[in-house]
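Just so it is clear, A, B, C and D label the chains in written order, and each chain counts residues from 1 on its own.
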Amino acid sequence: MSEQTTARLLITCPDRPGIVSAVSSFFYNHGANITSLDQYATAPEQGTYFMRLEFQTPHLNVSRQVLPSTFQDAVANRYEMQWSLNFAADRKKMAILVSKHDHALLELLWRWSRQALHCDIHSVISNHPDLAEEVQRFGVPFYHVPFSAAERPAAEEKVQGLLQGADLVVLARFMQILSADFVAPWTHRMINIHHSFLPAFVGANPYQQAYDKGVKLIGATAHYVTADLDQGPIIEQSVQRVSHRHDVDSLRALGQEMERQALARAVRWHLEDRVLVHANKTIVFD
Amino acid sequence: MSEQTTARLLITCPDRPGIVSAVSSFFYNHGANITSLDQYATAPEQGTYFMRLEFQTPHLNVSRQVLPSTFQDAVANRYEMQWSLNFAADRKKMAILVSKHDHALLELLWRWSRQALHCDIHSVISNHPDLAEEVQRFGVPFYHVPFSAAERPAAEEKVQGLLQGADLVVLARFMQILSADFVAPWTHRMINIHHSFLPAFVGANPYQQAYDKGVKLIGATAHYVTADLDQGPIIEQSVQRVSHRHDVDSLRALGQEMERQALARAVRWHLEDRVLVHANKTIVFD
Amino acid sequence: MSEQTTARLLITCPDRPGIVSAVSSFFYNHGANITSLDQYATAPEQGTYFMRLEFQTPHLNVSRQVLPSTFQDAVANRYEMQWSLNFAADRKKMAILVSKHDHALLELLWRWSRQALHCDIHSVISNHPDLAEEVQRFGVPFYHVPFSAAERPAAEEKVQGLLQGADLVVLARFMQILSADFVAPWTHRMINIHHSFLPAFVGANPYQQAYDKGVKLIGATAHYVTADLDQGPIIEQSVQRVSHRHDVDSLRALGQEMERQALARAVRWHLEDRVLVHANKTIVFD
Amino acid sequence: MSEQTTARLLITCPDRPGIVSAVSSFFYNHGANITSLDQYATAPEQGTYFMRLEFQTPHLNVSRQVLPSTFQDAVANRYEMQWSLNFAADRKKMAILVSKHDHALLELLWRWSRQALHCDIHSVISNHPDLAEEVQRFGVPFYHVPFSAAERPAAEEKVQGLLQGADLVVLARFMQILSADFVAPWTHRMINIHHSFLPAFVGANPYQQAYDKGVKLIGATAHYVTADLDQGPIIEQSVQRVSHRHDVDSLRALGQEMERQALARAVRWHLEDRVLVHANKTIVFD
């Protein structure tokens, strides 16, 4: 499917008979060719309904500008829908916040550079200068913003300014706790990779926690960021078997593979408009 | 979702714009509440289109008897659809063919007895008498049909007779090769579990083959049976890590867990009308 | 390896140079053929050292009765070893406590009945009468001991009495909380299956908790029981991918497969003397 | 464990009682501290025996130069051992052959640059010039050697010359078939990554083959190279679930993750002297 002709609609609404029929007929009548349709309802009746529609636009008989209001009037109002329409050609701008660990960052830049993540890289921002060179090799702007205790509010303000124009912020092992105020404007548009299988091992140094507990599997969790640390909606999790032979360092090395994998998937799904959030949980139409 | 009110429609047709709209509108207009809809096309354009629709029947405004012809006239003809409509309450009748190994058979009977497989057990037929008692404990009829070389054609005829009235035949480690004639009436209604990760290790004694080759993963494959041995459409595969420490016996023991898992899933999907076949491959709407 | 000739030695001691040499030379000099040797130390130096030795006894030049004291005098004293010696032919006697869910129980009985678990079944004890018939089919004694609130201490006493002679107690989804006093005599000889990926979802109804949290993987944990609920040393964990489409019931159904798998492995490892405990964690020489 | 003080011994010999005792006593008596010992025999009796010993050298009472001949005289002769002794500080020199696909190459360079692969990079050689810049960024020499049909023998000769001094050659998706003569000097020192779960889909374009067959899992295989294409001893395999929704391109994208994972593991195991070969199969002491 060409990126130029692909559009995606995400819908959330109270479940009622007739939704698929109304939506699919609307798009058919307007010349859109539906190439993918996923739906889910939280309950057989009276639940909340979710839909993801992917369609091709070459034969659309209304302009892209007019399509939204037409849909609102013809369908969305009647079913009390919350919805968003995205054209794949309008690539999302992804900013990445990182500290010193480069594995999650590089996984994203690497996939992006080989067209496996369809987005633009807006910027990389770090509280350490260490990764500047590595980032700039990819032709991506790098900003160093120190986060010492004294200057934290100023630092957050500066970062918020740098993020202007971004559509998605990824915390690729950013080791600073961000304030609720900072996070607020990025609801369901900020993804964090936590280096444990949440809700196990919330908080600091999860590999040490996993080692102390003697678990037989370690994991990583990609989730949307909310004010409540490590409690946001989970998008993806990966796990890997370990044994008593793994010390904290080798747990960390293995875990970093899980982090790369889980984060890369979560980011791709977000970029392809595959993730909806409801009741602090995600619906992922993968 | 109550089994009493659930119906499922499977469609295969040439891909064309308007199918979702036509189908969903038809059911909406006839009072059916669509609770699940999956679709897939083999190509962005000009491909083959597949749909699975699950809907609830309480408010249907046509009788179950009339629904098929109404759908044929109103929708199926226009789109050249091949389709089948199943009511969950009409439980499929499953027959099981087995030899001496009981693990795959027992996994199915066990799940069935705890309502995890929604079907009736039609019968269990074996070329050995060994498992009679174990099967009868479940209140299931057991038939012993010897398959010695001399009496093979007669044996096949006898089994074919016993299978009268079955909707699905499962070869749960049935160690006799069945003739093309025997198999023919059961196209896409006969499931075999092969004890390897096909297409690796076709044929006899795959665990010995896997051991000789020194693979690091072993698997099992559930597939529809065709005249061509071990070449039918694959429904499900499971794998498990192994190492040089596994001898043929321990590969077999581990592999039997994979067999149980893959077969149980494949059978459940078939019973729930989740499997379509096209070009010797399956589309599984799981 | 024949069960009749196999013996296993488990050792824990302060790590020091020369242990492997001393142990392997001792057994070589006494005619034992070492067929498996695993070792692990918690640190490169000054750590705690663990060894599992499997050897064949046909050419042993001391009697089985004398071997322990000879080993104690010749090797164990010098290295301050804690150790245990087990002959595979002395099968452990396994008791199983269960409530109403039969899946974990049946997995164990089933594997046992096909010689995949090398033990004797001592008894099955339940606080409900429901599973009596199913257990007796296997030729295994079943005891029903009600656990109503009023009679709990008496019930525990009765169960403790029934467990006389058992070597291992498995809680195969036993839904009563056992007192510290009850548990005390069974340190590292009582295995529980918890229906979550611990330490996530400690306590009651973990599938509901997992559903509410929206995790993308569910699991099961087999662990030794300690006075502290769900906090004992973890022996094995299994996980399985899930999605938003899984409701609590389907999480439970999938989870039960994980429970069966994790418990069966943990029990087998214990029976084969593959598990050592140190600092509330297990060393599993699998 | 410090790389400076770590040594590893690999042994293959006919199985006989007394080997562990002889080897461990030898090293203990010469002041080596054994920090890891793994063994395996192909049969309970009369089989072939394999051992990997890791020990620390600080208190060795013979020189590293004299140790080999001492071991040969004192132990190896008696047990007809084939053996090799490696000091971790003598890092292996790894050469990489690659064509146009960069994912496997970059995974190796990336891990190497972050000290996750303990080796020196000898060189990267390609039949295409495309990856020169990317390789040189890592400070690694890059050689372009065209492999057109006419000049193949000359090209092989040139590459063989460039490989002078390498200890290990990795074919990181090198798309040229190498002659038996070229391969011969590198027995068990040349690792290839094949982009399928061998022995399924031998030969060209395995992702297309997997797609045509409709398998539900795809994989990758890292193996030692022998004259017989894709038939060498398997070191590691990885698999990943797929569905009918994956076209050839998305199978390839997913498969590349498996290739990276399987190859990186196989290379690490080889570098750490964890792999022995016997009867065209590997023993991996991981």
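Simple rule for what comes next: a residue touches a chain if its C-beta (ideal position, glycine included) is under 8 Å from a C-beta of that chain, and two chains touch if they have at least 3 such contacts.
All values reported here derive from a predicted model rather than from experimental measurement.
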| item | value |
| --- | --- |
| A-B or B-C, whichever has more C-beta pairs in contact | A-B |
| Most widely separated chain from subunit C, with each centre as the mean of CA atoms | A |
| CA centroid of subunit B to CA centroid of subunit C, Å | 37 |
| Multi-chain contact sites of subunit C, meaning residues that touch two or more partners | none |
| In the complex, subunit C residues that touch subunit B | 102-103, 106, 110, 114, 116, 137, 253, 257, 261 |
| Contact footprint of subunit D on subunit C as seen in their complex | 1, 17-18, 20-21, 24-25, 27-29, 33-39, 41, 44-45, 56, 59 |
| Subunit D contact footprint on subunit B (complex, rising order) | 40, 197-201, 213-217, 219, 233-237, 239, 243-245, 280-284 |
